[in-house]
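What follows is a pair of complexes built around subunit A, which joins subunit B in one and subunit C in the other.
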Partner chain A sequence: MRFIVCYKWTLDEEDIRVDRETRALALDHVRQRISPYDRNAIECGVRLAEEQGGEAVALSVGGPEVADSLKDALSRGPAHAVWVGCPELSGADAAAVAKTLAAAVRHIGEYDLLICGEGSSDYYNQQTGPRLAALLGIPAVTSVSGLTLSGRVLRAERKLEEGLEIVETDLPALVTVLPDIGEARIPNLKQILAAGKKPVVRLTPAELGLGPEALEPRARRESLLGTVADRKRIVLRGEGAVAELLTKLRAEGRC
Partner chain B sequence: MAKLWVIAEKADTAVELLAWAKELGPAEQLVCLTGNPAAAAAAAVQGADRVLLFSGAARPEAYVPDWLALAQREEPAAILLGADRRAKEIAAALAAGLDAGLVSDCVQLRQGEGEGYYSERYIYGGLALLGETTTRRPLLATIPAGKVTPLPARAAVAVENMSGTRPDPVRLVELRPQPSVSALTEARVIVCVGRGLLKQEDLRLARDLAAAFGGEIGCTRPIAEERRWLPEKCYLGITGQKAAPELYITLGVSGQIQHMSGVRDSKCIVAVEKNDAAPIVEAADYTIIGDLYEVTPQLLAALKDQGGGR
Partner chain C sequence: MYDMTLSQEEQLMLQSVREYSENVIAPAAKEADATGEFPWDVVKKGIELGLHALPIPEAYGGAGISSVLMSILAEEMSKACAGIATTLGATGLSCYPVLIAGNEEQKKLYFDTIMAGALGAFCLTEPGAGSDSGSVAATAERDGGDYVLNGSKTFITNGGVAGIYTVFATVDRSRGLKGLSAFMVERGRAGLSVGKEENKMGIRASNTTDVVFTNVRVPASHLLGREGDGFKIAMTTLDRSRHSVGAQAVGICQAALEASIRYANERKQFGKPIGANQAIQFMLADMATQTEAARWLVRRAAWLQDQGLPYSMESAMAKTFAGDTAMQVTTDAVQIFGGYGYSRDYPIEKLMRDAKIMQIFEGTNQIQRVVIAGRLLKA
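Let's turn to the complex of A and B:
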């Protein structure tokens, strides 16, 4: 069986600084990493390949910066990686990313299950997975916290606001997985070294038959402003701190 | 006259989305599509000009092909949905079918220049607010609950029954109801614990403090999802519960952006934190720098001396 896992190379928001005066974001020198949700997705694909036989393939779409992600992704267990890259795909919207992924999946050809994280840590749109399934015309099961395969039937548990939904569908299908699906491994040195030798297929959208119009964003960015908490930021220390706090809270009518 | 669509399974979601749609285009025709008769009935008296009730499927996701075909014919200018997980899946499938933009967890939406709509949403775990204008129609958006007041009731419009559902490729085996809504959204005071709490038994300290203030107890994501000391419905954050209490008190919470984003609308934030360089100090109104195991008992004693927190 072939399990294709999609992942996104994202900025680590913990490194992003906000200027309190201008509310501008400092995005230089921000580390990038595989979106944490997608690490669980990769783990899920690799475990399924081990259980069922077959292979896990890592697939990512993005700008030139995605080159830095490949070794990390492959050290987590996939047999090989496919990267569709061009500068226009840096920060592309979910519509463009899903169209590019769909073209890449068609290019890969045979597959049984597509696995995506439930959302990316940067934009958290929660769209790419279900968009991709719709474009490929295969069933989508989102927010999956557990799954089993028996033959060509996928049984999945979805964690929804109203409860746990158990569903079945036939392969090929797509799932988006929650972190509950299983903890991601921390690659060991041997896996990291082996990752450098695994094959990587590099494609461009043009090679997949996608013109510039396919990647055109559906919205124009007007503003991006850091959120600044408008708080008093009063620091209380030492013995009188508790009494001082309660006095202030009472004065404000909070308690 | 353009059409604005609202797709909702729950009655309260339907009427809230109709209020959003009315703001977006006061003169447009508001159409509500649903698979739930209760939502159809509510929409029919609270804002919809047309209500389409679909039936025959075990899950609303199964109506996507019908809704897509209808959207291609009727060409709505905008399609609004709730921000629950089912709705997000439906919205994304429709957006892909219509090759349209979709604003997830939209917090602000209005008519922009020309045909465009202006929207706002948080990105980077709540660190930044992104404002965008759509470049083509339709616009799709998923909108969290609780931001607007539903429109006043008036004489009901007729509910049109629709049929012709295709079989759902995803078969429902079972739904185990397990409501995840917690008392946190309604609480006046919340005491939230974070990784600074060392043992599960020590939750008692937080419970006592919450009781003294007449409030509820909440936690950060690791306490619920990694340590599993409290149920998932207790965790607050951008991917968990969101709350805006009068008073939000944290014990041993460092103040990661993903957590603070879920409680950003709290009226007053008080932190008890050992580390004076923790981000919570910048995100709180008052921070007591100290060990929560010393400060919390002092707080409890002081509240007791003064006849409780209320």
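Let's turn to the complex of A and C:
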């Protein structure tokens, strides 16, 4: 069986600083990493390949910076990696990313299950997985916290806000997984060394038949600002404090 | 001149070790320190990652990493818990005699055992042979195709948990240093027993015991190098490992420094954070400067070793300076934390207890000064 795992190379938000005055994000000196949920997705694909036989393939699209992610991804167990890259894909929106992923999956050919993280750690739009499934015409199961395969049938547990749902579907299919799917391994030193020797296929959108119009964003970002938690620094004391607090909260429409 | 830039693989290795240190070692450190119980789960995870086998070359199944990277990784683990870092590091230490003097079959035997998941222990010290390692009283007597080992080793890191040992014993006491010889001994050999376990002041997560040899028979093929090579093998081993002890000391410094900075910002007295006082600021500035100086002495010794240049004196300097610095920096950290620094409910006093051993083991800092002065005066 072939399990294709899609991952995103994102900014590590722990390194992002917010200017308190302008709320602008300081993005210089910010390191990148594989989006945390996608690490769980890779682990899921690798474990399935071990259990079911076959291989896990790591797939990512993005700008030239994605080159830095390949050894990291491969040290987590996939047999090889496919990277579709061009500068226009840096920061591309979910529509462009899903189109490119769909073309890459068709290029890879045979597959049984596509695995994505539930959402990326940067924007968490939760769009890429369902869009990709729609483009490929296969079922999508989101919010997956556990799954089993019996032959060509996928049985998935979906963790929803108010309970668990069990669904079944035939392969090929796509799942977007939550961290509950399984803790991502810490790659050991030998796995890291071996990663450098695994094959990587590098493609461009043009090679997959995608013109510049396919990469046009469908959503335009007007601005990107950080949030600053600013306290009002009002201290209420004495007997009337509760009543005064209620008055203030009502005045702000908060109760 | 000193290019220590890490390659992409090396950065990933650091990333893995950081994740292991922060998510696996650190949460277990307090309990292991309090109980003195050996944290097998944490150590096993370190073994799975290959962190007990850092000096083993790729050809023998290891990762074959540079001394500079080894130093960086040791610092990272020690920052989370010097005791657990010592357990993993001592296995590496036990590999050096084999790396230095072993033939192909010996390397295969020893490193296969380690790569299969065993811890190792380096058995040199005896009750009567500490700094004066030439006065080892354990004996190895040739008997046909075997050697028969007798004697008692003390303060052996991993003594009770190792699967294989490198052991120093004399083939002829009348030959003094020239009688000292090195052997590999598997745990299962008849007559090998684990003695008293030390109840230590610091690095309490590590296992330190006596190891007793009573007519322990090993084949002559377990002799490393030739009879009488033992002292040279032991000294070369300690040259290699000294700066790693320095790296552990720097890890302790870094932990103390980061905790002190956080506390200086959080703790308020007289209506302002204590970090607003110049008295605290100057302590922090000195702690950071000393830590950085220790780190670069340690890295430079490792770098010299990687370049194949002489590094024995620099390794001794690195160990001495970093060990003394760890003691100073952790003492200052306890001072900054005040009463909370002295309390076992907070993690600071552990750092001070852990730091003390860095001035003692693998050659006391007094012996290191003898090594340094010896080099200076020989020139």
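Quick note on the criterion: the second predicted complex is superposed on the first by the 231 of 255 C-alpha atoms of A that agree within 3 Å, B and C clash if a C-alpha of one lies under 4 Å from a C-alpha of the other, contacts with A are read in each partner's own complex, and residues count from 1 in each chain.
Following the convention adopted for this analysis, a contact is a pair of C-beta atoms (placed from the backbone, for glycine too) under 8 Å apart; a residue touches a chain by one contact, two chains touch by 3 or more.
All figures in this text were calculated on a predicted structure; none of them were measured in a lab.
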So, does A:Gly196 touch the first partner subunit B, the second partner subunit C, both, or neither? second
Would you check which partner chain A:Asp68 touches, where first means subunit B only, second means subunit C only, and both and neither mean what they say? second
Based on the superposed arrangement, let me know which partner A:Ile186 touches: subunit B (first), subunit C (second), both, or neither? second
Residues of subunit A touched: more by subunit B or subunit C? B
Which of subunit B and subunit C A:Glu168 touches, first, second, both or neither: first
Just to be sure I read the superposition right, which of the two partners does A:Arg158 touch: subunit B = first, subunit C = second, or both, or neither? first
Counting only touches as set out at the top, which of subunit B and subunit C does A:Lys8 meet: first, second, both, neither? neither
Where on subunit A do the contacts from subunit B and from subunit C line up? none
State the interface residues of subunit B toward subunit A in the complex, per the touch definition above. 59, 64, 84-86, 88-89, 91-93, 95-97, 99-105, 116, 118-119, 122-136, 169-181, 189, 213, 225, 238-239, 246-247, 256-257, 260-261, 264, 267-270, 276, 281-290, 295, 298-299, 302-303, 306, 309-310
Touching residues on subunit A, where the partner in the complex is subunit B: 11, 13-14, 16, 18, 25, 93-95, 98, 121-135, 139-143, 155, 158-170, 179-180, 216-227, 229, 231-237, 241-243, 245-246, 248-249, 252, 254-255
Note which residues of subunit A are touching subunit C in the complex, please. 68, 71-72, 75, 186-190, 192-193, 195-196
For the complex, which residues does subunit C have touching subunit A? 8-9, 12-13, 15-16, 19-20, 23-24, 45, 48-51, 58, 62-65
